[in-house]
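Take a look at this one; I'll ask things after.
Chain lettering (A, B, C, D and E) follows the sequence in which the chains are written, and residue indices restart at 1 in each chain.
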Amino acid sequence: MSGYERIAFSFIAVCLILFLPPLLDGVARKIKAKIQLRQGAPILQTYYDLVTFLSMEPVYPTERLAFRLAPYIAFASAVSAALVLPYGRVIPVSFTGDIFVFLYVLAMVSIAYMIAGFSLNNTYTNTGANREMMIMLSIEPVLGLAIGTLALNAHTLRIGAIPFAVTFTLSVLLAYGLLAYSVYVEGGFIPFDVAEAEQEILEGVFSEYSGYLLGIFKWALMIKRFALLWLLSSFISIPLVRNIASGALGGALILVIQLMVLFLLYTSIAVIESMNARLRIEQIIRQNAGVFVCSIAVLVLAALGW
Amino acid sequence: MAVTLKYPFVKIEAPPEYRGVPHINPRLCIGCGACVNACPADALLRIDDYEKGTRKIVLDVGRCIRCARCDEACPTGAIRMTRNFEVATLDRKDHVEVVELRLHRCPNCGSYTDYTERALEKALQILPEGLFDGDEIRKRAILCRNCRRKLTVDDAVEASREVVE
Amino acid sequence: MKELFTLTVILYLLSILAVLPLRKNYRASITVGHVFTGLASISLLAFTAMSLPEALKGKAIEFTYNLGVAEIPFHVDGLSLVLCLVLGSLGLATSIYSPKYMEFYERFGRGWLYVVLYSTFVLSMVLIVTTSNFLWFVFFWEVMTFTSYLLMVWENDEEYVRKAGWKYFVTMHVASTLPLIVALALLYAKAGSIEGLNFNNLSKLHLGPIYYLLFLLGFGSKAGVVPLHFWLPDAHPAAPSNVSALLSGAMIKVAVYGLIRTTCFILGLNETFGYIVAILGTVTLTVGTLYALKQTDAKRLLAYHSVGQMGYIWLGVGAGIALMAKGGSYAAFGAIAMAAGLYHLVNHAIFKGLLFLSAGSVLYRTHTRELNVLGGLAKLMPLTALFTFIAAMSIAGEPPFNGFMSKWMIYQGTFLSGDGLLVFCGVMALFISAATLASFVKFYTTAFGGVPTRVTENAEEVPPSMLVGKGFLAALCLLFGLIPSSIIPLLLAPGKVLTGADLSGWISTKYWLVTIKAPGMPSGGETYFNPWLLVGVLGVLAGAMLVSYPNRPKKVVKVWTTGEPVKMEHYKLKAMHYYGPFEEYIHGLYHSGDVLSEWGSGVCSAVAGGYLALGKTLLRWADKVGRGITSAGRWYVENGKEVYLDEAVASPFVQLVKGLAIGLEELSLNYNLLLAVAVAVLGLILLILAGW
Amino acid sequence: MRLRSLYVFHLDTGACNGCEIELFDILTPYYDAERLGVRLAASPRHAHAMAATGPLTRQAYYAAKEAIKAMPPKPRIIVAIGTCACSGGIFYNGYPIYRRPESGREGQEYPRRGGIFELVQDLRDEGEYVGPVVYIPGCPPRPEEILYGVALALGLVEKQVKGEYYTEEVGFELPEYPIEERIRLSLRERLKYVVGYFDREKVLEDFMGLVAKAKSAEELHGLIQGYCLKNPDPRVSLAMRVLKREFLRLKEKYGWEVKGSAEALQGEVRGLQVSADGDAGPR
Amino acid sequence: MKEWARKITDEKVRERYVNEVIERFRDKIIRVERNADNQWMIEIRKEDLPEVIGYIINHPEWKETQLSTMVGADERPLRGKFSLIYWISINGASGDVFFGIKTYISEDDPKFPSVTPIHPGANWYEREVKDLLGLIPEGHPDPRRLVLPDDWPEGVYPLRKDFHYTDSPKREFTDETKYPYREPPKGTAVFPLGPYHVALDEPGHFRLYVKGEEIVDVDYRLFYQHRGIEKIGENRLTYDQVNFIAERICGICGTAHALAYAQAVEAAGGVEVPERAEYIRTVMAEIERLHSHLLNLGLACHDVGFDKGFMDAFRLREHVMWLAERLTGNRKTYGMVVIGGVRRDFLEYRRSMIEKVIRELREGFQKWADQTLSTKTFVKRCEGVGVLSYKDAKRWSSVGPWARGSGRDLDARRDHPFAAYKYLDFKVPVYKEGDVLARCLVRAEEILESIWIIEQALDEMPGGDILAEWKEIPPYQEAVGFTEAPRGEDVHYVMTGEGNRLYRWRIRASTYNNFPALPDAMRGNSVADAVLIIASMDPCYSCTERVQVVDARSGKVRVLTEKELTELSRKASRGV
């Protein structure tokens, strides 16, 4: 891998991380609008929203640092997490190759969200933070099982290596399903968007954020979703071409397929979102726990070598 | 497929039955105040100035509830509901329509009466010709109340005004 | 090196001597005592540092103290040093922290006694982890149990404290001391002499599986492993916070030390045993943490987490044992897994100690530890809040703090083991990591988040000395998180010794980058983590955003209450309602956990009943036989305000104990029986050893 | 604000619900304000604009004040939706309605005071920044009207209204109709009971057209029948017949001749009255 | 007249009822008077109020009785006393009677025994007369302020005749004068919902006392939208103008209010309404029901984040709105109903427009319902949520789909036939589950029924005038007018006055009777469902125009077994 390739891909990656998520959101909004038979916002609308928020002075309901710094931390964590994913065959900043580190760094977005939410005297933000935590709690075992199955199969936990090493057995296919499910839940898409439910709890923690703090926070959340989906899309797209992709061109091919899969994922998510109502938190917990119990079988399958 | 209308980028016509904002046609208004009495929201005001001899009929679209009672009551069709609805503005003054009319001045005593010159003309138009002696009633009608009473005739204008209202 | 160790011991003993003249002056006695213990801790740390090179080479430092009546052999290897490090750091932190903190307990007086007990307690632990004779091991073990019990019931005017103490005492003797003594008896029968009980000699014997069971029971109950954990959440919070820190931070770690020392070094690696430990660990971490999730008493929450985090340690150690026993390429990987467990041991000691000290600080200022009524302390106690936050994030396993590093290594050790069962254990560990996070988000935000409540509005920052104590631990949290290479080599030493494997190809800790390779890994599949680079990236990104979007509140407005004013005290989720739906969902688990815990304590009470009966019998017997054995004992019997017949019997061990517990007569008479039992046990040991 | 992005927080200060629902309606498929970047904000903290509806009751006043104060310091656009928010509407001087003391409770001032502006003025007096106020009158405004107002706030359209001040100089018209004004007014009034106030103008106009064409009552009768044939709406036909009958009755009552012989007319009238009563005509 | 209409308006049945009451309380009744076809006024002494009202309301044979409205009036200029009338209606299969239990209260002793302990449904009414007239209900369990703003001074009663309608006295707004909310039950946090909450499109404050997400108890303060309409109607406006303010009581059920008002005046003044006008009124009322129910169903979807359902419902609704606009000139405030008839006629082209729209709507709506009910997540959210038991519904005198979802079989259109309903045939859907889903299903079925009613009305519409001429209304006549608004029965009481103005006008919107039952439906549910439950009541705060009371009972959550029982019975009876 040449230095130029590295630099070029890293540059593309940073651009994607920072500027693609609002576009994806815009696309999803457009698709949802189309399903609802309306024209919908322009595809670039999320950029407009973001820019207006970023240009506004915030108001501070508290002086607490936890509240004030949370957006920055969330943003930094989301971007950092996204930076360790493969773009083509390049990982822009590889402070880790490990999927757990990736998940934990990504989880810092949620932690920032929760700490900020709980650091206020406001039952809305509290409830939002509370729900975020519960969702994380309920989905973590499923995610763990998916990773465990992949690790059993591929004998590695390195994000960049799993898709190259994995052999497609029944258990791995099921693990992909679990991973997709976990990503969907972690991403907070309807019916799992209870932590930021607008009608129920006024977007949870965001109900106290304003101006550029809100802008940064929302941006961070979009990047988080992007990172999660990029992980999934990498896992899906790299095995498709791993035998033919080599060199810079191969990297470009992978990147293109990654992007295509990403858009495909986002599209299907938008469709699922618009066809569902938001669940209650206890329903989500019940459902995730059910998924977890069922998916223990996947691990057993993997242990048996299937 | 998307059913969204293109408004406001493409103009849209309100249906013919629509009760839009009312508008006073100042060329038809006789300043009788029937609309003012009919208006439940007090969007219409009648402001008389007996010093200057003017009557203002003030329509504030920003207070209007668009019930069309004024339209129903106006004897000359001066105030009509239009089909216009694009009346948003940043300045409330844009919502106000004022028609300032001259009050009739009694040729006898020189004081202003509580009806406008136009109302008088309208009243005369309505007055059934031939029911009374035409010229006679016209003479009396133009006088102010006190002067008219002096002439012991005051029912003609009153009657016609009743019809108007 | 030996000298430094001796210095440590002497300093601890000096602290006891130094306070005896200061019996009247509460504050002075404690301060003076802790100056010595602090110095002792420093010297222990120095000893650790000095011994490090040897340990890294896989060698041990061996020396013997000849006390005249007995010889105490010492064997300090990597494993011991890990514990020495823990004891040194925690001992130093509590020594700095305690003088001020103990003012809180001034109403109980007897500061000197506290210092005596404290020093004995810590010293006993130091000796446990360094001695290489099983007899002495058990002896110090009992001293540790006993002194810790006395420290635990310090606040003896509280009913719950006495109850917790009783529970602790009985459980420890039934479930911990008794198995150890049985093992000791059996081993002695095999070895035939006190020298034969030296670890070296023991490891040459061929010992059956019964020992695994006995040690598992003995150390498991001390470590609070499910289902023998029921005493712990009652016991640890009952003690003063600085003692809780030691109990949770150090004492239960000593049990892990004991487990590794006995089962790995003496009994030998056994794959099945490894799995059992790992599974027990998994059960423990799940049950403990999920229970912790619903606690609203700050210290009780922390205590349940001690149970949970012990599970992590056991999981790591268990996986290590299992994999090392498997041998082959797994041996080296097993060493890494065990290192992960030990890493978590060190980390847990540090952050749990810090958390207890923080809880103590809150208690010190607000006189409550009920999270439901606390709030807003971050504004009033900013540094305490910061340290607590660091500790909370560490225990929750957030990068770049130390808790993350060890958990991460545990995940590597389990997920990459290629073994479905261990992977599942890892999955549970991952899940529970989230639960830990949940719990500590609750802990931190209920106490420190929001606006001050009526209870906390008058609180202020704790005195500097307490802050220094906590700051030291917080710094260690960061150090071990950011520079794993500062400790990982040491942690790898036991595994290296056990397996004799060359680890260089499997784990590398260049500067601050950790790379791990597992058996069967495809090329380019090594996992690695570079905390500094992460911190750098995070810092640059957050910093850039902060510069572009400065964060300066000009004006603070009211929180949005949807228009209608709400009193702030009501406008916050109560701690007890955090995660309500989740807890409701796993209610079944709580229920079975309760049943399990009842069952455990039921068995224990039954055994305790028998034990007590035995004790009484022994007491009667000892009373008859031993009344006149030592003059010192007689002297005491005749001159003491209260008469403990058995004490005389149990001399000379009893003498030592009695010296420590000289003030005990002032404690409630309820303890007489307990004390009697304890001493009876010691008597039994003595009698066995004294040549029968 | 150059970009089309406007988060709107909805503030109901005591409205009848009509404007609320229309505000909601602009988010739905046919109007879809999201096209213009408009979204309803969940919290005033996110809002660029406050969409106020209602006449500002005293109970809502305090909460509304809190809400505006909770907004980011800028731009704080206020969008007054509906007549009530613009000026207090029909409720403007009820006892629970908030009005500043200087607004009075019964006045001849214009523009009429009341509504959200009272609150805005109070806030400005307190030194809080409040942005421009966009007034969208209507009771309730059509969704298009709200969209237009929003577009105005976003600078997408130009305002179209202007205050007018007419004086006598505009001239005076007194239109003449084919029938006497008195009768026309009576007929107009009668029509209110048959087809309602709205359709009567058209019907009356047609009728007058027919009258103008007719030379006699008979001819009028014929013309009306022709008209009804052309226009199959039974209601209009009915109205025409009622008008004819009424017209002829009035003519007879006052006994004047217009275009044609009086006797013929009178005979006609009697006959018609019989037939009209036979209809499903008015009682 | 339809068979059922004949049956329940049977004169003999009514006489039997009236006679039974007269027999029972022979010595307590001072005067009996028949005000209108189905309205009897019975005057008693104030001491006997609880007994008489309790007897009628809890009469075992008249199952669906309810407190329809209660009117306090300042009759001092007439009789030197205040008056109080409790209007109780007998609904359902039993018959069609309104009893007005009237009593006079002297100015010197403005107290009367509270009926609330016997019938909680009287809670708000009695607090309201306390606020607005200064009549004090003795023994009322929760005598807090209900209607007036917090900064209204004590001792000033706006509905008294000596209070000028433009006056607006103030007191300082401090913490002490703030509405006294209940202290949260121990260990609960406060979850304030409103007045400015994105899912409540109208201001109303709910104070949910929560344990985590579970609602333990509810306190509330409404009447942010109290606009003093009654006072304006009695003072500033003439009979005809009042119609327009009546329409603006509520932007959704304006026609129902205008109609109720017009009917009350017509009953009091003996104005005969042309039959065609009755049909037009009926069609307008049903069009209103169509758009209101579509709105509510859409909002229910929106509140649970199911935007597809929301958008589709509103898309269907838009055609109804456009239709209304073309029929009347306005999408909401139709300006159709005036005393004596209606203002616009249905010309032929409008009639065909209606037919076209409702034909398409029927199709579209059925599709919508299929799609929504097959969205599992939506049904999951609605099922078993916000259960209001039949007992509670009756206890609070609840009306409309809110009560019909809980098994109360009442509908003013059928039980007290007004306008053209007596000539038309329709079903009244009733579900017994009492949960949000049941209410949604009631509404969905009512939409189809409404379409059917409109079709019939258009087919049967007679010719003739659309407006009756009336010259003068005799003064001091009393009557109630009632309609079935989309949310339930609306009752307007009028007492005619002199000078073309009303003497007393009392509006009782359907939400007024439904609201107090809300805490019962909300307790034990999750915060997440709070707005959904509120929306499922289809509240119209502006109608209610006054606010809430806290439930004075202990904050105990219903026992699980009881919940299970209701659940079981629900399962057994779904689809009844």
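Everything below uses one rule, namely that a contact is a pair of C-beta atoms (placed from the backbone, for glycine too) under 8 Å apart; a residue touches a chain by one contact, two chains touch by 3 or more.
Just so you know, these numbers come straight off a predicted model, no measurement behind them.
Separation of subunit A from subunit B in touch steps, taking the shortest path, is 1.
Taking the definition of touch as given, a chain qualifies here only if it contacts subunit D and subunit E alike; those chains are A, B, C. In terms of C-beta pairs in contact, the better-connected of the chain pairs B-E and B-D is B-D.
Farthest chain from subunit E (centres taken as the mean of C-alpha atoms): C.
Farthest from subunit B, judged by the mean position of CA atoms in each chain, is C.
Closest to the middle of the protein, by Cα centroid, lies chain A. Centre to centre, using the average C-alpha position, subunit A and subunit D are separated by 52 Å.
In whole angstrom, the spacing between the mean C-alpha positions of subunit C and subunit E is 67. Between subunit B and subunit C, the centres computed from C-alpha atoms are 93 Å apart. Mean C-alpha position of subunit C lies 80 Å from that of subunit D. Residue positions 557-558, 560-565, 571-573, 578-581 of subunit C each touch two or more of the other chains. Within subunit E, residues 189-190, 192, 195-198, 203, 205, 210, 212-213, 244-245, 248, 311, 315, 325, 329-330, 333, 344, 526 each touch two or more of the remaining chains. The residues of subunit B that reach two or more other chains are 2-4, 17-18, 40-41, 65-68, listed in rising order. Per the contact rule defined earlier, chains pair up in contact as A-B, A-C, A-D, A-E, B-D, B-E, C-D, C-E, D-E.
Against subunit D, the residues of subunit A that register as touching in their complex are 29, 33, 36-42, 45, 48-49, 51-53, 56-59, 61, 198-199, 202-203, 206-211, 214. Interface residues of subunit B, counted against subunit D in their complex, comprise 2-5, 7-9, 12, 14, 17-18, 21, 24, 26-28, 40-43, 45, 47, 58, 60-68, 71-72, 75-77, 84-90, 92-102, 118, 121-122, 125-128, 130-131, 163.
Subunit B contributes residues 3, 15, 17-19, 38, 40-41, 65-69, 81 to its touches with subunit E in the complex. Note for the complex: subunit E touches subunit D at residues 148-152, 158, 163, 165-168, 170, 173, 195-196, 198, 201-203, 205, 223-229, 231-232, 236, 244-245, 248-252, 254, 274, 295, 298-299, 310-311, 314-315, 317-318, 321, 325, 329-333, 341-349, 462-469, 540-543. By the touch criterion given at the top, residues 29-32, 35, 83, 86-90, 92, 108, 110-112, 114, 117, 132-139, 141-142, 144-145, 147-149, 151-152, 156-157, 159-168, 170-175, 180-182, 185, 192, 197-198, 201, 254, 256 of subunit D touch subunit B in their complex.
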